[in-house]
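Quick one: structure below, then a few questions.
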Amino acid sequence: MEQSASKEALLQKFAPQIEKTSFLASIWIIFLLCIIGVGVYAFICQVTQGHIVTGMRDNVVWGIYIVNFIFFMGMSYAGAIISGALHLFRTEWRKPIIRMAEYLAIISLLIGPGYILLCIGRLDRLYYLALFGRIQSPITWDVIAISTDIFGCLIFLYLSILRDIANLRDFKELKVPQWRKKLYSFLSLGYTGTPEQEKRLRRATDIMAAMVIAIAIIVYSVLAWIFSVTLQPGWHSTIFGPYFVIAAVYSGTGVLILTMYVFRKAYHLEHFVTRKHFVAMGVVMVVLAALFGYFTFSDYLTKWYGSEKNDESLIKILFSQYYWSFIFSNYIGVLVPLLVVGIPKLRTIPNITFSALIVVVALWFNRYLIVIPTLESPYLPIQDSRPEYLLYSGTWVEYALMAAGVALFCLLFTLASKFVPVINVSEMSDAPRDQREEGLFNTEESLL
Amino acid sequence: MKEENQKENRKSSRRQFLKKGLIAGAGVVAGGSLIGAIVNKNKPDSGEKVTALTTTGELIEVDKAQIRSPRVSISESHNGIPGRKFVMVIDLAKCKNARKCVDSCQKGHHLPKDQEFMKVYFLQDSDKSAPYWFPKPCFHCDNPLCVSVCPVGATFKRSDGIVLIDTERCIGCKFCMTGCPYSTRVFAWKEYPEFKEDKEQYSPEASSPGKEGTVAKCDFCPDLVRIGKLPYCAQNCPMGVIYFGDIDEDTVTNGNETLKFSELIRDRAGYRYLEVLGTRPSVYYLPPVERQFPVDSGFNGLEESIKARYKNTPYGKNHKL
Amino acid sequence: MKTIKSPIFIILLTVLLTNITILDAQEKKDTVTSIVPTISFSYLNLSNDSIVLTANLFVKKDQGVFAIQNAVIEFIAKGGNESKKIGQAITDDEGNAIIKVYAKTGLPLDKEGKSIFTAKFSTKGKYLSASESISAKQAKLSVNFSKVDSVRYILVTATQVDSKGMIKPIGKIPVTINVPRLFTPLKIGEITLEEDGTGKFEYPGNIVGDSVGNIIVIAKIEENDLFGNVQGQSSISWGIPKQYYLAEMPTRELWTPIAPLWMIVTLITMLTGVWAHYIYAIIQLVFIKRSSRPKKL
């Protein structure tokens, strides 16, 4: 059978990734562990000395932690929406990158909530959320929504790696320890690809793909409502729900492109992840850039035009002490992908990756500008408090924990890629729906 | 000059005492009043009999400013003082940033210097409008957003209108701090040594001892109100800026004068701060009209570090504080 | 004996003298550490033949006022040449020692019908003694109510007992009209009594009473040089019934412990919808697992 042969060939190609860890990869993992170690030390400092070690004070009560929380959750929702949508629309070019999107969804979803925990003063009382939870509080909505989302994403990921796990189980030449083989065998649920099994799996995956998209939108809106239900000028905005969702998918697309680039280089996937995929994702990113720019513009335009006193003071802060971050996040972060991907000549892989990097950093600053300047310009001007309470700047503890989060993200991605290939082997080996067997690997073929 | 001041002080304290005596008497006759209950415990039935209380012989000095009712338990503190609805009126015309409200409150609640339940702002609504001192306690809103957003019910509103925080329940998510549009709440960023000064059992009514990693705020001092004393800020304001009372009873007092709340608000055009937000505060302000002293006298005698806090105000910038 | 001039005696004397000076110095030190307390004394005639005497014992230090608790305060009444101990009380945690004296028990009076009341604290430990006196003549205030053509009046009468034991009116004296409140009484008016010791005050009509509208009206003579503090009271149901602002705490507001109904319904609906799909997907997996079994066997 041609199909199984190609599957075998693919597995043959990806086996080394799974079987052994190269010297460089070991260094990489140790490096990540070191960064995480520093983060753990910072965390211990925070627990033993109190939140005084952070830059947060009575006015700016939420700092980089919340920014990172929004950022990682955004990546997760982006992963979920992209993988769900690509799956549902049966897009042909999805196949090599859908696994990465799924990993992105679940890994950042595991890291994100950690940041909100860092923000909590009494971690020892965390279970009160379940014990005394009040339904009126958006935090409760968030707790329910995020835990539901984690379950959904895990089920969706499992459904999509099931066939690959079964493949790995059946791939006898795989040189991995016995326990891993047993694990594959256990996790594969005895999937052998009978028509009935295939039908059921497809049905479940379709349902979950739709659910994951819906939940991602709801969950990220809930996150936005944490801010917009308050009366703070700058947060109290009806547009925040959709704005956050779009910003999330936008930044997540950027992260996905970066991931594609890194894995392409690290695992030599040039043959699978091609310029076509970068361009395709780039186009998605451009659409989102336009939407993001539109939402950002709407939000700030109405604030500026109406110029209510408190909105005005917020805009003033944004255009004075946060001038460059504002320009970077809301102008450069939108224009760079529009130009790079918009002009066909510029659509090279490094260019698209570069603009994705800009997008990711810009969107981190965008969140920073949503959280911190608002807290620095409350209704009552910040007065009669100690000078060190006036303005926020993160401390080493916060940045160490931020770095640790990024390192953990990279580490989990690395480990996940060592468990099940980052390329969806079984989907790749499925016959293309439009019967253009060559098309998939044709790097020169243009998009659309 | 100084002597005169002292004399005056003594005089006024004597007058205050006489008044207190009167209050106590009123309590005795009214019978049902809280004060009466306290006073009665030492009162003999007739002049011929001597009080039956045995003395241990030990004389104890008690800080008068610190006397309050025995602390109620956490569950009891969820119930308001029955039949009361507290209100505060702050007369901006009289405030000159003497900061006795801040200091006495911090002392009474065993707060570190970084944590202030009461803050005094120096506001100027626009360039050409006049600046004024603006003491700001918790507004104890009737539609409290801080209570709405609390995920664990650690902050709650009672039947007497007081919004309290249970630091045994608080998880420290700080959502209430962002929810409050008046920046009223403070966070215990570390274990402050001042928290350990208070050896008594914790009660939300006393907001003391504080707890690391939890939120705290002005509590309208229900532990003082229970024994018929005014909150620390109202008790200790030398200018009588802060009036406190029961809105259902239509009466507020600053300790020296007792006024009808409705008439005070009517005659002095009392208002609530940022009414537009719909939080329905329990604190009313009287506009700073016909002030008895220039506004910048509020900077007199301030510590440099306190003065520096007003550097960023429009006035502070113009006058190079 | 008188002229013993032995050196031993001289030595003894010098030792004694130096000792005395040392003792003296020690005593002086003691006076420095001993504390002078202050008594603040108040007199209140309740008109029902009883007088409340309140002595407050306190010390001032470190810019604060500290009450002395557990101190015994002795109360003495003096009139003419007669002096009588009328009671004693122990100060409470606010430093207050309070006694109630019945005027009918025969207080010593001077020719003008005045008595001098003294509150005395005797030296104890490091606290030195203190005392404070007030002189006052007995008086009586009574409050009555009348309604003339739907106008409501508060009637106040003040009387005193002269040296012959005759009851006489107190005229031309300022009296305040008050209603008791949570903290301090609310003054609703002020009148000066006529020559005949009576006064009339139009009831303002907008006074909040208790839940059924009862109010207590207290007439007061305050800090009078002759009579001290005198008050009389009476109650009537002229008040506006007290409306409790939060008589019924709302139950399903955002800030109450229980959430609004729509919120609970929405949440349950959404969660059921989502988890039903999850369960559907998991059931599919169970079926996949099950379908693989016969093959294995």
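As written, the chains take the letters A, B and C, and residue 1 is the first residue of each chain.
Operating definition for what follows: a contact is a pair of C-beta atoms (placed from the backbone, for glycine too) under 8 Å apart; a residue touches a chain by one contact, two chains touch by 3 or more.
Predicted, not measured: the structure shown is a model, and the values here were computed from it.
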Pair of chains joined by more contacts [C-beta pairs], A-B or A-C: A-B
Chain occupying the most central position, where position means C-alpha average: B
Centre distance in Å when subunit B and subunit C are each reduced to the mean of their C-alpha atoms: 19
Whole-Å separation of chain centres (CA-atom averages), subunit A against subunit C: 65
Where subunit A and subunit B are represented by their mean Cα positions, the distance between them in whole Å: 48
For subunit C, residues contacting two or more additional chains: 254-255, 257
Residues of subunit A engaged with two or more neighbouring chains: 134, 136
Touching two or more other chains - residue numbers and ranges from subunit B: 145, 148, 153
Contacting residues of subunit B [partner subunit C, same complex]: 14, 17-30, 33-34, 38-39, 41-51, 53, 55-65, 67, 80, 83-85, 142-145, 147-148, 153, 156-157, 159-161, 225, 228-230, 244-251, 253, 255, 258-260, 262
Touching residues on subunit A, where the partner in the complex is subunit C: 134-136, 141, 144, 148, 151-152, 155, 158-159, 162, 189-192, 194, 196-197, 200-201, 203-205, 207-208, 210-211, 214-215, 218
Subunit B contact footprint on subunit A (complex, rising order): 49-52, 56-59, 61-62, 116, 119-122, 125-126, 128-129, 131-134, 136-140, 143, 226-227, 229-232, 235, 375, 378-387, 389-390
Subunit A partner contacts - residues on subunit B that touch it in the complex: 114, 116, 119-123, 136, 145, 148-154, 169-175, 177-179, 181-183, 185-191, 212-215, 274, 277, 279, 305, 308-310, 312-313
Subunit C - residues contacting subunit A, complex: 254-255, 257, 259-260, 263-264, 267, 270-271, 274-275, 277-278, 280-282, 284-285, 287-289, 291-293, 295-296
